[in-house]
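Below is one structure, written out as structure tokens; the observations come after it.
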């Protein structure tokens, strides 16, 4: 079973990863975007850390709902509402339990990812964060490590794709050959989850 | 004796020299000025050519007065009124004679250079066109070749000077180490004169 | 990095402080990032709220004032603002007659304004929306996020703002804004990339002697790179692409817009070419605006926006406006 | 070369054609390079004529209109206009009440305007002159051409223009202009060099990470090169140099001016720092203007101009002005 501390650790490790990789995420967002994804994510997760510190939510669901709400209130851009919705809906699906099982978490993440797909209107293959998130939650049935690898591979697999959603889509064929920044940050979040789950 | 055709040839050769060296004059005007001396001179002498063609002045004095007026009306900047005054006053000093002696020309150029000094308030050593013009008219007593060399040396001798007039003066000590564009174009005009006198 | 800033993190807050100091006629909430007309809410009048990423100044904060926007929400550089800002702005300006959101069509802007609309309506504020999507460089909407909102934003905000100032009800203000967008098309060209504070270097590599055709306003590259063209050739290209899509049958308003680093001297020269092409194509130009209005930080380049207008739209265009960035009449 | 032009030779003429198309309220003589208020000459009123090299837009052409200049004479890029233009402009706007020439203190401008004044007076036009020389970066006037005219030009043209618009006689208009200059000081900073069309490349080499302190407005380098500074440090430096020379005892008008390629977002942020320093030094700021007003083509950088004002000068500043580049009131 995973308790509230587990979810706080997940957010903390994710935040550290985002901080570490911020420059790279912005770099990826330059040729096919507007060069802000790294600073967007950094601003958001810094705020998440502060909010979790201040409000001290006491259930797994409450941690993720607060994290999601905080992202929505501080990130902006496309990634703010999308990642905000991902965590908020996942948190909502977890309900008010003090501890949740890995299976519950998997189902909740499924609901979260579905909400992202619905909000953004994208599907796997469109060269978005969904190219990392969808294979990751599918692989969660196997293991956290499998999910981490699936997300990582999904992010790498966006390179040859032509973008059909978000800013990169304006480039048409010129979007081919670049890795999607959102898929890359999604892989970081899933890797953070795998890391705390393994600890 | 020098006839009207001589003065027209002078202006034509000067114009060709200015065209040939325009990029260099602008280049010299970049580090210590505003990067326009070449195009200023080019615009002016192109207009002089057209004006001499159109109005066909028929005395040496009239050629230079028209050339000077044309420079004033087309160049602008510091060099327009200064070079315009140089030629206009030289031409005025030549009077209405159909031919002039080398001595008359030398005296007239003296008057022209004096007028430049008065209008601009500069003296030799201030890193301006006067650093080429003053030694040149002084050397005219010897020969046109001596005048050409004196102008050329005068232009080169501006390199170590600190500018005290014109735009270059704003740079203070940073104007040291650069050749003055106006002294350089003056050397071209005197060289053109020597060339037509030798022909 | 050749930027006149303190640190990248405070660029937007610093700019808002500086804006507050220069414009006593505006209420600038630096903390919450909302710029409001000091005399809002205006009793009996519909309010207009817009916003978007920063870096396009004077858009949108510079268009707050009598005859145009009631409030603007500046996001981080090139990042749409968050719903909290929009809800706060709507609450500050709503007089009970409702609020029109003017939203440029980018995924981020659309999602955040949608969330804000829901939240504002929960608070009892009537919300209408106009989506601006005028950029003809984005051709195939089925396989993209749809056309971007660029120069037409100025026309939408000006015409709808004039209607609101006259006391038109929300539905009518929304219709005026929607019509302005439908009557407008834009095309943009970059002669250099821009540098965002966060990145500190050009967002893409454009060798001198090359240009990008079909750029947006977020430093993204365009759809095509070409060898440098003359102002005349660029004007012909841009105007023709716009006309092909717009096919105007009425006179047009022309916005010849600078991306930020192109000197006004060049923009006026470019305008001469734009006018020449329009005349050659038989298009009557009713009004022309030349300058930096919808910019992309320090990008060199320009965009052309045409908005075909009827008598009523022309009247709304000519109506007085008093903002930091656009001002005439009264 | 990354310029939006046809060929360097026609840049000014092209810009004038584009200006004519955008501004029906101006009479633009492209051939003779004179921009005139369409309603000039104004019976019973003193006229103002200014001019200078092009590349500083909106200065001067953008300041022609009610409440400011009667006419402007644009020279080639960074090259003072020729006397013929000034005489033609004076003749076009003189109502018999005389003409004030506003001249920036550069050798070329001074010589050409002097010649024009002589010629105009020969034609029976009464001429007065105000020399603008506000740039404190030029310290030692004995060994230089004297202080350059930069940002204060806007204050001189605005205040003297307002006095003329009210019907003040030539002597008074001249005195207002002279006083505006005497009450003003400026200091400029470059973060990049600019490129003139004739040269096609930067006029000096400024490695990124360095800045030039004490630049003028003609792309010339400044008096000192330093490692990059923050907006706060630059504001402190510039404001202190200006204050040291001006030692104001009254409130000031502040012009936080962009050199052309610095985004408005950065200028507003810089203004916040300027205001902070002024407040810290006990100086009251009566009005602030932020934007690109006296530019240097595509140079990145800024300048600060302060003009200390009495009640009457403040009234003239607030008086209505309707030009392409500056507009308020009525």
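Letters A, B, C and D name the chains as they come in the text, with residue numbers starting at 1 for each one.
The rule is short, and it goes like this: a residue touches a chain if its C-beta (ideal position, glycine included) is under 8 Å from a C-beta of that chain, and two chains touch if they have at least 3 such contacts.
These numbers come from a predicted model, not from an experiment.
Trainee: Stepping chain to touching chain, what's the minimum from chain B to chain C?
Mentor: 2
Trainee: Please indicate which chain is farthest from chain D, where distance is taken between mean Cα coordinates of the chains.
Mentor: Result for the farthest chain: A.
Trainee: Averaging over Cα atoms per chain, report the distance between chain C and chain D in Å.
Mentor: 29
Trainee: Using mean CA coordinates as chain centres, what's the gap between chain B and chain D in Å?
Mentor: About 31 Å, centre to centre.
Trainee: So, what's the distance in Å between the C-alpha centres of chain B and chain A?
Mentor: Result: the chain centres lie 72 Å from each other.
Trainee: For chain A versus chain D, what separation do you get between their C-alpha means, in angstrom?
Mentor: 53
Trainee: Hunt down the residues of chain B that sit against at least two other chains at once, touch-wise.
Mentor: Within chain B, no residue touches at least two other chains.
Trainee: Could you list the positions in chain D whose residues touch two or more of the other chains?
Mentor: 77
Trainee: Spell out all pairs of chains that touch, sorted by label.
Mentor: Listed by label, chains in contact pair as A-C, B-D, C-D.
Trainee: In the complex of these two chains, what residues of chain C are touching chain A?
Mentor: 8, 53, 75-84, 106-108, 111-112, 115, 137-140, 143-145, 148, 196, 198-199, 203-204, 216, 218-221, 223
Trainee: Spell out the residues on chain C that touch chain D in their complex, using ranges where they run on.
Mentor: Residues 1-7, 10-12, 14-19, 21-22, 54-55, 57-58, 62, 77, 191-192, 208-209, 211, 228, 230-232, 234, 256, 260-275, 285, 288-290, 292, 295, 297-298, 300-302, 322, 327-328, 330.
Trainee: Please output the residues of chain B touching chain D within their complex, sorted ascending.
Mentor: 26-27, 30-36, 38-40, 43, 72-82, 119-120, 162, 164-167, 169-172, 174
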